[in-house]
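What follows is chain A paired twice: with chain B in the first complex and chain C in the second.
Let's look at the complex of A and B:
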């Protein structure tokens, strides 16, 4: 049997600081098979981003964090791996896309320069011309018409949507096995976000990349992911194939979550819950679900 | 096309700054010209001494146009300045330009080495401090840089001289170079002149002499640079692009020296440029303490003797050096910050 791309087992995370310590994750288990697109949804503060960052190993070096549990990547336990070997995997075998594309790219280097350094992560000897060609190639895959011009630009010279495409292309250029996307493009306006997420979806299908997809946009989640985990206050409360969870949510929190969000799907006007009483629901999710969780 | 626009905006910036600099210089010249003449005392009498006759004094006054109204004098000054002539110093009896050419290089050399110390020590200390924030190294660096900024450079000059030249004679106590060395003057910069004649022993000797005074001059700048760099680096470390760099597995030293450093240094540069320029003034006292044969002794003497041409010339040269330093900083910022190079927000 092939090992899953990602297998998180009983991940616990505690932040401790001057004001005492807070448990943020209480034993998360989550797995992503090869080429599988998995969503992690939950309200703000439920622990989605810290889960994503733990997978990449970005929290482990932070002072005051205590992590336990196992994170297996393609069958190897990352948590028992030494830091430099784990770092080798980042940017080559796994990569991440962030929320705000404009501020996630370095403001003082040209896109082309940043691309080359990313390419050098998996091919240290790559020369400028080769890097340029490869970068231009993947940029055209995300429908960037003038890759040459974009490579010559600084991030502030491009639109948000353009930066987002650049970030998607950068994350996939080294053909990672796993892409972690933490609310990609939430900082962008909805139509641009929708457009770029579609591009991302097409690209990961073509490149057969496994994806951990974190989003508030349940319309996109429903459309693009195979399986779904619902996280609530640091615990997974529901898990299953996306379609069936949407059709028949088992956990009351999931029901509240699904009811709270207007569904936006392609070419459709958002449909809202008919019952106006539930309309303010985004703020309510804590309430009714809290008792049962 | 992009390169061309880049060049054009840099040229525009340069032209703008040059024009402003020239205006400032003109203003300084008027001011110092007037002030030098308002200080009480008759320059001709001071120059000729108490034994000169009233006729001799009157003759010198006429020669110097001191009998004319002040704006006529200024007219003569501007006319001569256009030909690169700053007049004759009454103190040395030589053209002021010759005097300045003799004394300025020693001062500039001191300031440049101090500037190199400021950058070479201050920035790395700030980077290390930010990178190991909250650890022992950070605390040590912060204390040291606070010490550096908390005392003026002439105090440091005295302390360093006592510690490392007197009690612990590691460095020479005074001067630019030992008297055993005869170096032909080409640029006036000893560190360059000794290399030009390939006299490495003399180069080493000059270097050995410059370490303490330059360090004394640089200490507050080092402290300032370290503190600024630390603060800006810490701010930069909180930015999303640093987390993104980490997510791509770049090693920490590379993130510090490349991804975090350059965005962090941009806001510090203006202040560091001012610090650097402030060294021009501080150098006067440090030179006096280390008997450094620079512009300071000349400057002080000519002021005391009311040597009009020399005062005006010295002040003008120092202002020009100040403006050039600022110009260089502005260009450096434009080079480091693409937003300035391309004009904010252009697409």
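Let's look at the complex of A and C:
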């Protein structure tokens, strides 16, 4: 049997500071199979972004962070790996896209230079001409018509949508097994966001990349993911195939969340029952056939 | 048309940026009736924030004029105008002074405009907080001690303190989680009915617009693309730009998907 691309088991996370300690994750278990696009959906403060950052290994070295549980990446336990091996994985076998492309790219280097740096992570001996060709190739895959001009540009010379496409291309250029996308496109205008997400969707399908999609936007999750986990205050409250969860949300929190989303076909503000007292209800797991188990 | 609260007549505004000039708003005319909610939608750079600032009197238009209750706005903003048009912004964390308690922020509005007798203001603050669904004790709290939704309620209470009838809402729920967003939208709608308020609602979120606005004006590059009743704009948009905006909105339900598919087909 092939190991899943990502298998998080009982991940717990505590931040401690001067004011005491806060439990942020209370035992998250989540898995992503090969070529599967999985969403982690939740509101601000639910723990979705720290889960993503734990997968990338970005929190482990922070002072005051206590992590337990296992994160298996292609069958290997990341938590038992040393920091230099983990760093080696980032940008090669696993990569990431963040919400704001402009602050994720270095403003003082041309796009071409940044591409070469990324490519050198998996192929340290790559020369300038080769890096340029490979970068131009992947930029044309994200529908950038003049890759040469873009490679010569600084990030601030490009639009937000263009920067986001550059980020997507950069994240996929080393053919990672896993792409972690944290609120991709949220900072963009709605039409640009739509185009960008479609492009990303097509690309990860073509490159057979597994995706961990972090989002608060249920509409986007519905359109671009195969399966989803709903997180509420550091706990998974519902999981299942995306279509099934949207058709028949089982957990009171998921139901409230879905009911609260404004719709483009309704002329009234959503009316719904949201009793946080019920949000502690047991986790709902949908079977693969679409039945709530 | 009778009962017009605010009217913009051929309003234009140009900004000079270095050697370039940017036409932020180009010859826009629109009237908003008393008690109406007009949504202004558009993407970044469409001119929606400039339009809001013109209504607020932050700067005067280069051409055209703005009439409030039938009278032209003077070129320089008066204290009276500041009182008559209130603003609720996207991020209450930056629009509320972090060093003032909730009560002090609201009180400042009452003091500046001399509303009510000074001795009654404490009581008035309690009433305003109650109106937005917060306990009167919250008066002593600092904004940092409140959730995002509660802070936005405070910002709304402060806008209500001035007893103005016109409120400019600039992305008032964009930074809120969806469950909180629904509650704030409901509060805004209830207040509009109870107080007969007029709203100019600026947003990029079309689903929110569909739920709350009576009419919609779509802007692109500073110009008016189309304007009409909300239901008509969504079911039969006249302009392909509007179709594109609706068709790009994330949706969760089958009927929404069908509308989007139909509009996409019309765009071709």
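Assume the second predicted complex is superposed on the first by the 261 of 293 C-alpha atoms of A that agree within 3 Å, B and C clash if a C-alpha of one lies under 4 Å from a C-alpha of the other, contacts with A are read in each partner's own complex, and residues count from 1 in each chain.
Here, contacts are C-beta pairs under 8 Å (C-beta built on N, C-alpha and C of every residue); 3 or more make two chains touch, one makes a residue touch a chain.
Small disclaimer: the values here were computed from a predicted structure and weren't measured.
Engineer: Looking at A:44, would you say it contacts chain B, chain C, both, or neither? Reply first, second, both or neither.
Structural biologist: After superposing on A, A:44 lies in contact with chain C but is clear of chain B.
Engineer: After the superposition on A, what does A:190 contact: first (chain B), second (chain C), both or neither?
Structural biologist: A:190: touches chain C, not chain B.
Engineer: Look at A:238 in the shared chain and tell me whether it touches chain B only, chain C only, both, or neither; answer first, second, both or neither.
Structural biologist: neither
Engineer: So, does A:246 touch the first partner chain B, the second partner chain C, both, or neither?
Structural biologist: Only chain C; A:246 stays clear of chain B.
Engineer: Which partner does A:218 contact after superposing on A: first (chain B), second (chain C), both, neither?
Structural biologist: After superposition on chain A, A:218 lies in contact with chain C alone.
Engineer: Touching A:104, do we find chain B (first), chain C (second), both, or neither?
Structural biologist: Only chain B; A:104 stays clear of chain C.
Engineer: In the overlaid three-chain picture, which partner chain does A:87 touch, first (chain B) or second (chain C), both, or neither?
Structural biologist: Only chain B is touched by A:87; chain C is not.
Engineer: If you lay the two complexes on top of each other, which residues of chain A touch chain B in one and chain C in the other?
Structural biologist: Comparing the two interfaces on chain A, one with chain B and one with chain C, no residues are shared.
Engineer: Mind listing the chain A positions that touch chain B in their complex?
Structural biologist: Residue positions touching the partner: 56, 58, 63, 87-92, 95-96, 98-100, 103-110, 117-118, 121, 152, 154, 156-158.
Engineer: Spell out the residues on chain C that touch chain A in their complex, using ranges where they run on.
Structural biologist: By the definition above, chain C touches chain A via 43-44, 148, 177-179, 181-182, 185-186, 189, 204-208, 210-212, 230-231, 234, 244-253, 255-256, 259-260.
Engineer: Mind pulling up the chain A residues that touch chain C in the complex?
Structural biologist: 43-44, 189-195, 216-220, 222-223, 246, 256-258, 260-272, 274
Engineer: In the complex formed with chain A, which residues of chain B make contact?
Structural biologist: Going through chain B, the ones touching chain A are 2, 134, 239-241, 243-251, 259, 262-263, 266, 336-339, 342, 345-347.
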